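Next up: some structures, all given as structure tokens.
You will see subunit A twice below: alongside subunit B first, and alongside subunit C after that.
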Partner chain A sequence: MGTLNQLVIGASIGAVLLLAALGLTFTFGQMGVINMAHGEFIMAGAYTAYVLQPLAGDQAVLVALPVAFAVGGVLGLILERLIIRRFYGRPLDTLLLTFGISLILQQAARDIFGAPNVQVDAPGWLTGGVDLAGVRIAYNRLFILVLAIGCVVAISLYLSKLRQGRRMRAVMQNRQLAAVSGVATGRVDQATFFIGSGLAGVAGVALTLIGPVGPTFGTAYIVDAFLVVVAGGLGQLKGAVIAAFVLGVLNSFVEFWTANGASFAKVVVFAVIIAFLQVRPQGMFVLKSRALT
Partner chain B sequence: MSPVRRTLITLLAAGLLAGGCANDPSGSGGSGGDTIKVGILHSLSGTMAISEVTVRDSELLAIEEVNAAGGVLGKKLEPVVEDGASDWPTFAEKAQKLINEDKVATTFGGWTSASRKAMLPVFERNKALLWYPVQYEGLESSPYIFYTGATTNQQIVPALDYLKQQGKKSVFLVGSDYVFPRTANKIIKAYAAANGMTISGEEYTPLGTTEYSTIVNKLGQAKPDVVFNTLNGDSNVAFFKQLRSAGFTAQTMPTVSVSVAEEEVTGIGPANVAGHLVAWNYYQTTEGTTNSTFVKAYKAKYGADKVTSDPMEAGYNAVKLWAAAAAKAGSVDVDAVKKAAGGISLDLPEGKVTIDGENQHVYKTARIGLIQPDGQIKEVWNSGAPIKPDPYLKGYAWAAGLS
Partner chain C sequence: MLEVKDLHVAYGRARVLFGVDLQAPPGSLVCLMGRNGVGKTTLLKAVMGVLPARQGTVLFDGRDITRAHVHARVRAGLGYVPQGHETFPQLTVAENLQVARESTPKARPGTLDEALDLFPALRGLLKRRAGFLSGGQQQQLAIARALVTEPRMLLLDEPTEGIQPSIVQEIEAAIRQLHATGLTILLVEQYLELALRLADHFVILDAGEVVRAGAATELHNDEGVRRLLAV
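== the complex of A and B ==
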């Protein structure tokens, strides 16, 4: 029973990781921008749920999802237009800049909402859980799992079926060729950044169900999110999905089987990723492209 | 220019500058001038800001009150506020700055034991004074620190006595992975061994961890009578949310926390922690006119929705106790204040607080509280009288091997 329970817990950790990392598969995976402020977009999404709570009551989480998508997206868009755009091809500068911006955003949240954690109540219909074969699955975990899967489906449809999405892939695979074929690459970059940052906002809303909501909310997830994207392979949605769930399950079992396992599980996960990247530096899946860059 | 002449000129210039400083009346700190500078050093940014900002606020309130009552030795106190930024080397650096540049008479500051341990050598080296306002793991007694929070025999040991009295036999330990929880749990294990209690599990998570489902699962399997929670900071929010969503209530999985106060309850959401126990020395609901005046003054200054908590009260006390010691000594000189401090007894929000001159801790009343659905904490038990601080647990036979 313990084992089955841990499998479920692993899947739900995986869903959390995936949700936090999905936005990065766009901004980092597709565009190669190391955006350290991604965590703060997650934080912005969480605060969106907090702000909407008194207005929307029990439906706050649902209402907050699209709003947080817009909030995160607009923040991302502003960041891209004002700053990141000027630093394409300079990853180290971008990293330092966005790290500074993440600190500014954290302090802004502290000034606006106060330093203490704020309280986002789980809606009534998400408290409690269901018992399946002796395993208790909490509704909020289930919600996160469903949301993560929903986002993955929506993204893959967007990338394969919609013109916008296909343009995005074209730019990612071969920027020069896409540009000479008439794709406005600047526009596509904006759209990519908007969606990637918007997804961070969505993740933020979902994460209020399980964790604290405070100014440093995003920092708890940013490192794991990058790990998932790197291990999965840049720009690879399925890579990120598999990496997230493998890491989630690995984490939950190591923690369960070892006494005082939380720290140890983290070490094991990091060690496994390092070892894996020694064998496959490019991650699980590789983007095949004839581009010269 | 020859090197000798250059050096000479530099020296002269430096001398002029130094002389200028000495003559500048506003630059004189300590007891000089019309004001007495005191340092306030807490994390105003970073992960600990959530807790430490409120302590700074209550210390500033206390300084304001001392000034309104005429100040110390006829001079107003002038707070110099620095940000430790949740970073331990920064605490040491800023402490040095307060002592050397601002020449403060004393400093109130710190929250985590790590920050205190970082500041300790700075204050000892400079023979300067620090007032540390948070409950901690004991086993320390620096001659240059006054500890106004509880040591273990004023918080953890009474909490264990209470659990034993309630018939709890097995205890599961959950804590953050740093010096306070590890030391606290060492003490709990020694107590359990001597009192016929069993430890059914012991788990640590890194500070900032937000994933507790596996630990909750382990709790479900171990089925302890009570969980002793020494988690710190944000982790408490995740832990209690996930404990509740896994279907546990305060009845099926009772916990007692030593780092969850009114401020934290607000962030966790009272619905998630109502019915669980906490152990402190002060609650916002603690009875007495001194406390109702304190709560009223705090709300008037910072907002009606604000709560007061144990560390805030201990920070407030620190300012009042130092002011009383300086008044008694007739000087803000560190040695004079230290000598005068022993035996000083004030009526403070938590009740009567007396400084133990020997170990520079204070006598405190232990209180066990039950978290209410409205976020306030109701006292369900207290030690009756202030407990003499015993940071090395010398008065407890079972603790013989600990220090």
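== the complex of A and C ==
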């Protein structure tokens, strides 16, 4: 019973991590851009749900998902056009600049919504839970899990079935070859950034279901999200999914075994990841091919 | 068809091309030769817009494309097969071809089949990831990928370098066949005998400058040429 309970909790932590990290598999994993403002796009998505709450009532979460995708996407697009585009291939500059942007966005949130945390009330249909083999699974956690799975399915269909997705993979694998194949690579970069940032917005909405929203809301997730992408193997969707759930479960068990709670669990998880990356610096999954020797 | 005038190209401070002139009339097969590191690849990249020109002009069909985007040059009719049999390794063979084809909005329906007819071996590999092909198969895919963009002129950078001999023959036959259909070709080739069999014009680069150019017949038994190519 204890083990199953921890597994369920771990899966739900994993789903949260995954949602926060999915957008990064695009912008960081595929394009190699370290966007420190990604967490603030998550925050923007969360405030989107907060703003829509009085308007859409019990349906606020559902209405907020597409709106937050657009909000995050547009913010990402603006960032790409104004700044990131000029600094491709200069990761340190990009890191510092986007860190500055993230502080600006946090201050903007403070100015607009105030410094104290605000609460998005879970809709009535997400309160309560279901009992499964003696373990109680809260509906809001289940919703996050379903949403994460839904996003993964949508992304993998987009990448494998649509010509835009195919083009995106081509640019990420060999930018110059894509260009000389006639692909307008700048346009593809914009689309990639839009989708990656939009997914951050979606994650933000989901995260309002499990906690309050504040201006620094995104910073809580950003490091873990980068870790998921690195451990999963850059740009590998499957790797990110597995990494998120492994980290989530690991987190919940360590937390369970060590009564010291969350902060110690985090230290242990970090240590495991660092040890893991020592052995496999390429992450869990690598692009295997003769062309990449 | 292609006219390069006084082209200067540099990597940062390192200047590589110093005022290159080159012409490829419609339907010609021009062979670009020269020792390793003289700037052949750099010249092709500058023609495609992958590298910017510091000075000089590139005309295609009389249009100045010196500042055009890479993809705009492809749409204008320039096809390019980079050195080193490059592919999208994680995409299947079919997807490699689709990406190029889909970026050519007004492509004829038969283009893909024609490219595959040239390299029938690829038909059996369509579902295979390109990264798992042999070097020779990757090179065939690379040429087919360039062809599905429906170029009117094809730039080939050492297509036979490091490729197994049986496939070198197939590639030579393919180039010959493409040339026969009227495609203009600029071929970088180190192997003099192969160049002599295919080319009608030649250009020799040395240290970033054109040192010889002319009809291919002039190349036979020319000691100076053999010295420039170090063969």
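Some observations on this one:
Keep this in mind: the second predicted complex is superposed on the first by the 286 of 293 C-alpha atoms of A that agree within 3 Å, B and C clash if a C-alpha of one lies under 4 Å from a C-alpha of the other, contacts with A are read in each partner's own complex, and residues count from 1 in each chain.
One rule holds for everything that comes next: a contact is a pair of C-beta atoms (placed from the backbone, for glycine too) under 8 Å apart; a residue touches a chain by one contact, two chains touch by 3 or more.
Here the structure is a predicted model, which is why all the values come from computation and not from measurement.
Looking at the shared chain after the overlay, A:192 reaches neither subunit B nor subunit C. In the superposition on chain A, A:5 makes contact with subunit B only, while subunit C stays out of contact range.
Contacts of A:117 after superposition on the shared chain: subunit B is touched, whereas subunit C is not. Judged by the touch definition given at the top, the superposed model places A:182 against subunit C, while subunit B stays out of reach. By the touch criterion defined above, A:127 lies against subunit B but remains apart from subunit C after alignment on the C-alpha atoms of chain A.
In the superposition on chain A, A:211 makes contact with subunit B only, not with subunit C. By the document's definition of touching, neither partner reaches A:102: not subunit B, not subunit C.
In the superposed three-chain model, the partner touching more residues of subunit A is B, compared with the other of subunit B and subunit C. In the superposition on chain A, A:27 makes contact with neither subunit B nor subunit C.
Considering their complex, residues 163, 166-167, 169-170, 173-174, 176-185, 287-292 of subunit A touch subunit C. Only residues 44-47, 49-51, 53-54, 177, 201-206, 208-211, 213-215, 217-218, 221, 234-238, 241-242, 244-247, 263-264, 266-269, 271 of subunit B touch subunit A when the two sit together in their complex.
Those residues of subunit C that touch subunit A in the complex are listed here as 48, 50, 69-71, 74-75, 80, 82, 86-91, 95-96, 98-100, 102-104, 129-133, 135, 138, 145-146, 149.
Every residue of subunit A that touches subunit B in the complex is listed here, in rising order: 2, 5-6, 9, 12-13, 16, 106-107, 110, 115-122, 127-129, 136, 138-141, 209-216, 219-221, 251-252, 255-256, 259-263, 265-266.
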